[in-house]
Amino acid sequence: MIVVMSKDSGEKEIAAVVKRLEAAGLKGHLSKGMERTVIGVVGIASVLPDLRETLVLMPGVEDVVPISKPYKLASREFQPHDTVIKVGNVSIGGNEIVVMAGPCAVETEDQVISTARAVKAAGASILRGGAFKPSTSPYSFRGLGEEGLKILAKAKEETGLPLVTEVLTPADVELVVQYADILQVGARNMQNFTLLDEVGKTKKPVLLKRGMSATIQEWLLAVEYVLSQGNRQVILCERGIRTFETYTRNTLDISAIPSIHKLCHLPIIADPSHGTGRRELVAPLALAAVAAGADGLLIEVHPSPDTALKDGAQSLTFEHFEEFMAQLVPVAASVGRRVAGKGG
Amino acid sequence: MIVVMSKDSGEKEIAAVVKRLEAAGLKGHLSKGMERTVIGVVGIASVLPDLRETLVLMPGVEDVVPISKPYKLASREFQPHDTVIKVGNVSIGGNEIVVMAGPCAVETEDQVISTARAVKAAGASILRGGAFKPSTSPYSFRGLGEEGLKILAKAKEETGLPLVTEVLTPADVELVVQYADILQVGARNMQNFTLLDEVGKTKKPVLLKRGMSATIQEWLLAVEYVLSQGNRQVILCERGIRTFETYTRNTLDISAIPSIHKLCHLPIIADPSHGTGRRELVAPLALAAVAAGADGLLIEVHPSPDTALKDGAQSLTFEHFEEFMAQLVPVAASVGRRVAGKGG
Amino acid sequence: MIVVMSKDSGEKEIAAVVKRLEAAGLKGHLSKGMERTVIGVVGIASVLPDLRETLVLMPGVEDVVPISKPYKLASREFQPHDTVIKVGNVSIGGNEIVVMAGPCAVETEDQVISTARAVKAAGASILRGGAFKPSTSPYSFRGLGEEGLKILAKAKEETGLPLVTEVLTPADVELVVQYADILQVGARNMQNFTLLDEVGKTKKPVLLKRGMSATIQEWLLAVEYVLSQGNRQVILCERGIRTFETYTRNTLDISAIPSIHKLCHLPIIADPSHGTGRRELVAPLALAAVAAGADGLLIEVHPSPDTALKDGAQSLTFEHFEEFMAQLVPVAASVGRRVAGKGG
Amino acid sequence: MIVVMSKDSGEKEIAAVVKRLEAAGLKGHLSKGMERTVIGVVGIASVLPDLRETLVLMPGVEDVVPISKPYKLASREFQPHDTVIKVGNVSIGGNEIVVMAGPCAVETEDQVISTARAVKAAGASILRGGAFKPSTSPYSFRGLGEEGLKILAKAKEETGLPLVTEVLTPADVELVVQYADILQVGARNMQNFTLLDEVGKTKKPVLLKRGMSATIQEWLLAVEYVLSQGNRQVILCERGIRTFETYTRNTLDISAIPSIHKLCHLPIIADPSHGTGRRELVAPLALAAVAAGADGLLIEVHPSPDTALKDGAQSLTFEHFEEFMAQLVPVAASVGRRVAGKGG
């Protein structure tokens, strides 16, 4: 952290800042220029946003500039090599592209099992499906709850596909953990800190979606919540940010993929279904994500999207999905990777 | 809802859409133009986003346009007159401007009680203070918890000021309800639907902050969650939205105030402290909010902002707050209102 | 500017940075901390973005942090007292609130003259009206051109009101200068640098609207373009920024008003007509702007908004405008100001 | 266009709307539902935004919903097959991926010619370089002007590479046309309508960058400006939009690529250099753009980025560029395309 003193500050103000730093167990290094003095601060505590805000208010202080990252366990500096997360037979974050596919919401046993078979046949490695659904309107479908989890369990039994499913609230963690192989925390809950604490106390991998208006730094701080509770298995998922554009439901921020790889050692996947909200954009954006370095994909597939209870407009049919998986293989190969469920 | 058929759609596609609508218990009214056919749909269910998404996918359909509002209990059409919410001796949503003031976070008994006295003397009617604090970083201060609530209770006993305090997670609602006069749901929790359900089951007024990237419509749908559980006492709070501008912490959307008054019968207040993140902007934005029709203000006040554990940079000192309250009186009068705590 | 070296940088990298700075005529002051070295740089050139970008790329450099403002003539530091701009009999930036009103686009002589009389009677001090209109679609009305300017001139002759009108392109500056008392540069042209140069060479006051996605800093740099050409009479105009919200046409950033007053010595007015795009929001947002410190307002008024060729939805009728001006007087008084055209 | 009447509107209001439509040469088709009446409007004029705004204001009207696209010549409906644009030996919009590379700004003859040779050797087909540079600050480098164009001409003579270069203002079009093979209109000028008119009158292909805060529809309307002047050769260029994220300079909207292909028959390329502002993100985003269907790329290359006068932080060195071009070949092949300058 660097404290920049204003041009008209004097010895007294500088001494006060140095004293304040010492009170916080830190040390300030003065650098007097012709125009102004800057004070360099060292020590771990120097990253705390609250201290920064305090210093900004002191007389004679013009600005306080953070120079360290406020997250630690999530950073590449802390762990230079890639974290690879094992789920059943698949490894996320290694050489393979892992495709997680299935319906947005669990509706019926038929729907889920037929979808599970279809996506497995096409090369998906993990089954997705929501039993607890966040819904903007209180009058919309909110999921089948535990009944939905049981349906997912049957589909797993049938196909052997591990499950990723969302947990909405701390009180449900205990229940969902019994069914899920990966606990999903949705975009609206990225800063539900109590929920982050709870999934951080489990031993299950966590799929943490980026909040709709979260910066990359805030996202990594949310990851840090989970890691700091002892759970080191977090998979990040870029699912689009909110912008002024209305043609797409969200703007999928493909640049977040290589950015996360640079800053953080954990795997990152992309969700082009929510990221675009339009079925015809799912395949091109999924290919783009893999070309940019994504470690996997989360894709909505439904036996008949036009009768889906949730998000039909962005779901692929079985045929579309199969076609897409065939396109994916050469794109993955072109960046030196292979698709997990596509034998060879 | 209106279903717009594409130019090249034929009788078959139109019939299919009409049939689909009937299956959902709705009726479609055809209007054949020279260029294309549009199908008007009536009935309450016509507002459900899921049906809309289904229809968009049907062959021959170009667009589906919602024409009713998706919320009902919150709307002016449902209740044309203003809702006035009584808290202790004050009424929110009537002729008076209600000022809620206090520290961002409860730190010590001294801090809270001295602040409560100071803000009451200056004309505040409700004491604010957080015992459970959301924090972007897991390493920052997260509040004193129940101990903080007890400190607030003492301050209430001393000064008679009712309390507004945040509840972060459904499991804490039962506890917080015992202390709070108004339950605050923060911006990060605006779409924490489980929490909305829980506060909707209590009998306490709810202060619902707008999410950082929530549209006015999404905000009113979050209000609808609370109302639909039976709790009709919701106070909306505009606290700034996330934009590209970095000079201010958020962009306080003053236009949301008269917009909410037009669409909804519930009171709305503004939080210029979080809305700007800069102490020197708090007073001008607070005055602006009242000039635009706000029913109250939520303002951070701290005995010594430069040692505050949270949000010092945006907190007013006692002197600043007193000065501000003196400025507020004539501005409130200029739009035909009076400040609740300023006798006269 | 401060150059922050990375933890693992050594003497060689530091020496290279210092040498690079000297090549640019600057001096670097070293400050060696336990964790890393920072290099403070002084001198005017230190604000240039290009040098900053160069330094960021050098081996061992982790970040380069600007600490001076990149604009100078526009800054409060350069000129601490408020600039007051005289236009005819009115002063903009002094104690009076100056209201500029009139139609979005000049359509007919009748329309403009009747509007000019009505707004003058209600207390406006300056007539607005566009002869050259930017239009998103090539098929929409683009203004009457010089004929429109002549109509404005007649209205000025009739009423004595000075004129503010937009200039769209450098080649038109010479023409528009002959008619306008204030040259308006629109939001879409805020970074039309050639146009900024040209209006900077005239002696007419310039009304510079904020670009739809311009930060406050970029806006002040656009102001700096005009000032650096020798024209020191710039009036800033906040007209709303683009955000994700769709209920309003733009989001009027009221916080920009006190922010500009803090950073810059020039007057700032608000345009609630474009800023909201909704007639019923114009009055509350105009009052809010004045409560927050605006020096004036730009308001669209039309004899019959429902037949207007441009922006009818956000224009006030004569009656609405008169009513609004009556509301404005006490609000201006409540913040210690008076409305220019309201005698007494 | 559909006019939605409010629930409480009566025959009189409906008749007035129908009459207003007829006055505009349009016809309204009534559809009376149980809840409300909707009026369908047909005819080309129905897309004009101004008429829509007028109708919104009429008594009894609740909403007016556009159902046709406001652009025509740019639309896929107008021309279903892809437009292919020939520049020298290359075709843009066909099977080949066309790479345009070179320095951000022309600085010296050496710089440009060495870069031209290097990028040609690596497989670029078109040379980019700016002689007229937009600059946020009036104190930054603004380009060499005609001298820069002459340097580009020499580089073309040396290497045979066609040139793409920016034109900033209508008065320069005549000059730039003499040197450029493709006229670039930058992001800040996307709504400089006078400039769009002028380049629309030339016979040179136009590279039209998306504005920083332009929606896809506004971008296509800007394209329509050029097309409606008679110039049918427009290449769209996605270069990132402004969002709240600050880690990247802009957010490259990869979803715009397949969206434009769906809505419009013209070619689209991507600019990952400006789109990210970070050198290490250029290659992954360029590969992503091609995987998503981009017809080409615009990439900044500089002999020594750390001494570049403009945008060094996002420029590739010759080595980086060569390495990138080698990566590009298999990715292009994986989506069934080949890179124009890479022989085979």
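Each chain gets a letter, A, B, C and D, in the order it is written, and its residues are counted from 1.
What we mean here is this: contacts are C-beta pairs under 8 Å (C-beta built on N, C-alpha and C of every residue); 3 or more make two chains touch, one makes a residue touch a chain.
Worth saying up front: this structure is predicted, and the values here are computed from it rather than measured.
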Mutual neighbours - chains that touch chain B and chain C alike: A, D
Selected pair, greater C-beta contact count between A-C and C-D: C-D
Averaged-CA centre spacing for the pair chain D and chain C, given as whole angstrom: 27
Centroid distance [mean C-alpha coordinates] between chain D and chain A, Å: 31
Mean-CA-position distance for chain C and chain A (Å): 39
Chain D residues counted as touching two or more neighbouring chains: 213, 242-244, 246
Contact set on chain C toward chain D in their complex: 47-50, 53-54, 56-58, 70-71, 134-142, 168-171, 188-189, 191-195, 212-213, 218, 221, 224-225, 228, 242, 279, 305-313
Chain A-facing residues of chain D, complex: 213, 215-217, 241, 243-248, 251-255, 257-259, 262, 275-276, 280-281, 284-285, 287-293, 327, 330-331, 333-335
Residues of chain B touching chain D in the complex: 2, 4, 7, 27, 29-36, 38, 40-42, 62-63, 65, 67-68, 77, 242-244, 246
